[in-house]
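Residue numbering begins at 1 within each chain, and the chains themselves are lettered A, B, C and D in the order written.
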């Protein structure tokens, strides 16, 4: 599976660093906005020994059609920004190149664009691409089905400077039909990110906890998704649909 | 749903106390080994106001067939001991009364007996009847399917005097194909019971935790099972089969 | 050390049950408001085998002076109600009987009364008599001295029905000079009581956690206090003063 | 306070990065074994804007006496290796330059060397320089004094690849007089480092937890120590002696 990566900020670099260390896929190129590091390669920049090319290009200097001609890929992974899809989306869809977007927020208009593209190719979108969080969300939803009277409270902890309530916590609240008031936000020191779903049963308590160690978890999640999209038909996918088949015996 | 309860030790009493407080079922009688409390009732003994009879009988004074004649039930819940099934099993099976056993350990011979009875009626067995633990086991198994390379470690904590490794922890280990060496047993103070499954992903950690508050959790679990057996066909059931249908969207 | 216990509600019973199981002290009597259980004894009621008398009296039938004449004690432990001190305080002070009060709230007027009594005898008051909580409070205060820039957040968890913010959490907040907004209250299921002080350092996190298992912790704390008051001079004491001498090498 | 740093491996770099971001001290130079980065500066290498010089020297090219002549410092912080003390120790002691060593292990012989140097100057040594861990150790020791019958268990969690039992856990065990069997080692995924001291009281549980976020915690700890050594007389110091004065009211 040949991969093209859009975006080379902090998240993009972490994703590249995970992809370059696996042998299951090959990172063909990285496409970024700025000219920085152009004509260099991701393996060189990250100091990783690999046969994967991972060449760095700038959108200012190369058209996506040219890039896909000279270095074709099976899937494009997008860690850039909301408008990046307008740059590569149509060309990818025409060529049946799969699209995996980890952009945390899209306007309604751009979501419609994704849906439209999904008529021609596989389009996957997740605003939080880590496997652990998506696993927790789905099992918490199932718990709510099993025990509708359980009390759910969400506790999210992050470093002191983080201002707003965690977007992931909001997603969990939405999926569990909880009021956002049921989210308790802790801001202290250097905590990278911790989400806990407290499930208060009668006479017992279940706690579902996710702790982030580093940004590389995004790359690990993207890789999981990419491998799980291999045999999919064109259409629009979210994380839940990929996980669901595993929940059977 | 009319319920007969076998056993009135510490667990049996806690189960009765939960059943007597719900209106979804009716506890018709309690059958125990000793003569103690005979001619009294569980509501009276436990100080619970209810219309449920909950009369206390001793196996020394009444035959199970007589009891089922005068106070018929839909299901028998067994919190007594391994050999109790030989006392009530055949009679229950003949009358299509469902059997719900929460006995923590059965010999191979008695397991065969359960299977045989299950040809005529619904037979359910779970060595740990709490809903939270069984939920954790099944979702941990699914996680292992989703991410086979995740490292699983089980930590179980109990009060200082508890000698042996927790049976529940052993069940979790077995279900996850873990060596029992991966169970870390903590013995300290008055901890009632805490099981944690640590799931070490790359770059993130998931923790699945169950904390026992009181023995009433057994009653809550038994009630959940009883209600989920209502429309079941004769056969042998375990917790996993009752939970599985909830894991779909 | 001979002990008299005032109050025999749920907390009082738990305290008696701990005192009757230790050999370090002797519970001489229990004095309560109601006539219930009069002429019985605490060991009999609680089913504990011991040589300690633990006779149950009602304030309606015996004067405190008479009681102290016939069954003198070294210390009175008060788990009754705010106004109980007016019943036994003066008589205890006159006889140099120590006073240990675990009443959770006193008016300013009653606090003055305690101070006045402390001129003649040892008077100890703690609104939360558990050893673990008081230990956590003092070590958290010291941490604030060591690292003034650490971010403190208090998380308290209790069963769903508990309405108000935990009084213990408020005490912790006050001792750490935190705004009460820094208390996050979780209400879920059957949680007995859990207090966590999250200490956010740069690049590391310290968590100080207290989990309640049962009300007997009050008895354990009262016993600790009683034994630590043995050689004290008359005066007014709180938990911090008893713990402080242990914080040296 | 002018600081010289010995060692520029992963720990040394993290320490430099913390020191260069504070205004309370000034990092004058870094001395390392290899020639790498020579004639560059730590601020330049780490991309930190500061007025602190932080010049990088190699022991292969400059004598410690020359370095202390041209760029005198108040304290030398040693994150290099066990034998580094033989390179700079005597010269530092002669000039009354304080020595702060964070080397994780010293032979008995080298410990004697440290003691000898401490006759002339302030010598501090801690095998784990993080503030949080040292705080936990001291408060756990005090808890053992307060409640000698409490059950202590140590749980340490680290990434899968870490082979040996955590050295920090061993230190905690030693300070609490625990058998090393009371250390439970968890190895899973990418956990950076977590130490928990479970304190099992009767009827309640206290948990003292330290979670590492990143290696910069070493720098934070070294800075704390350096500032606390300012007015100290020559002598040999460990972390406990610096923390002790804070444990009073």
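General observations
Everything that follows uses one rule, which is that contacts are C-beta pairs under 8 Å (C-beta built on N, C-alpha and C of every residue); 3 or more make two chains touch, one makes a residue touch a chain.
Given the structure is predicted, the values throughout are model-derived calculations rather than measurements.
The set of chains touching subunit A and also touching subunit C is given as B, D.
Taking each chain's centre as the mean of its CA atoms, A is the chain most distant from subunit C. Here the CA centre of subunit C is 40 Å from the CA centre of subunit D. With each centre defined as the average position of its C-alpha atoms, the distance from subunit A to subunit D rounds to 38 Å. For subunit B, the set of residues that touch two or more other chains comprises 189-191, 199, 201-205, 213-214. On the subunit D side of its complex with subunit A, the touching residues are 189-192, 213-214. Across the interface of their complex, subunit B is touched by residues 18, 130-132, 135-136, 139, 141-143, 145-147, 199, 201-217, 219-220, 224, 240, 243-244, 246-249 of subunit A. If you check the complex, the residues on subunit D that touch subunit B are 150-153, 155, 157, 159-160, 184, 186-191, 198-205.
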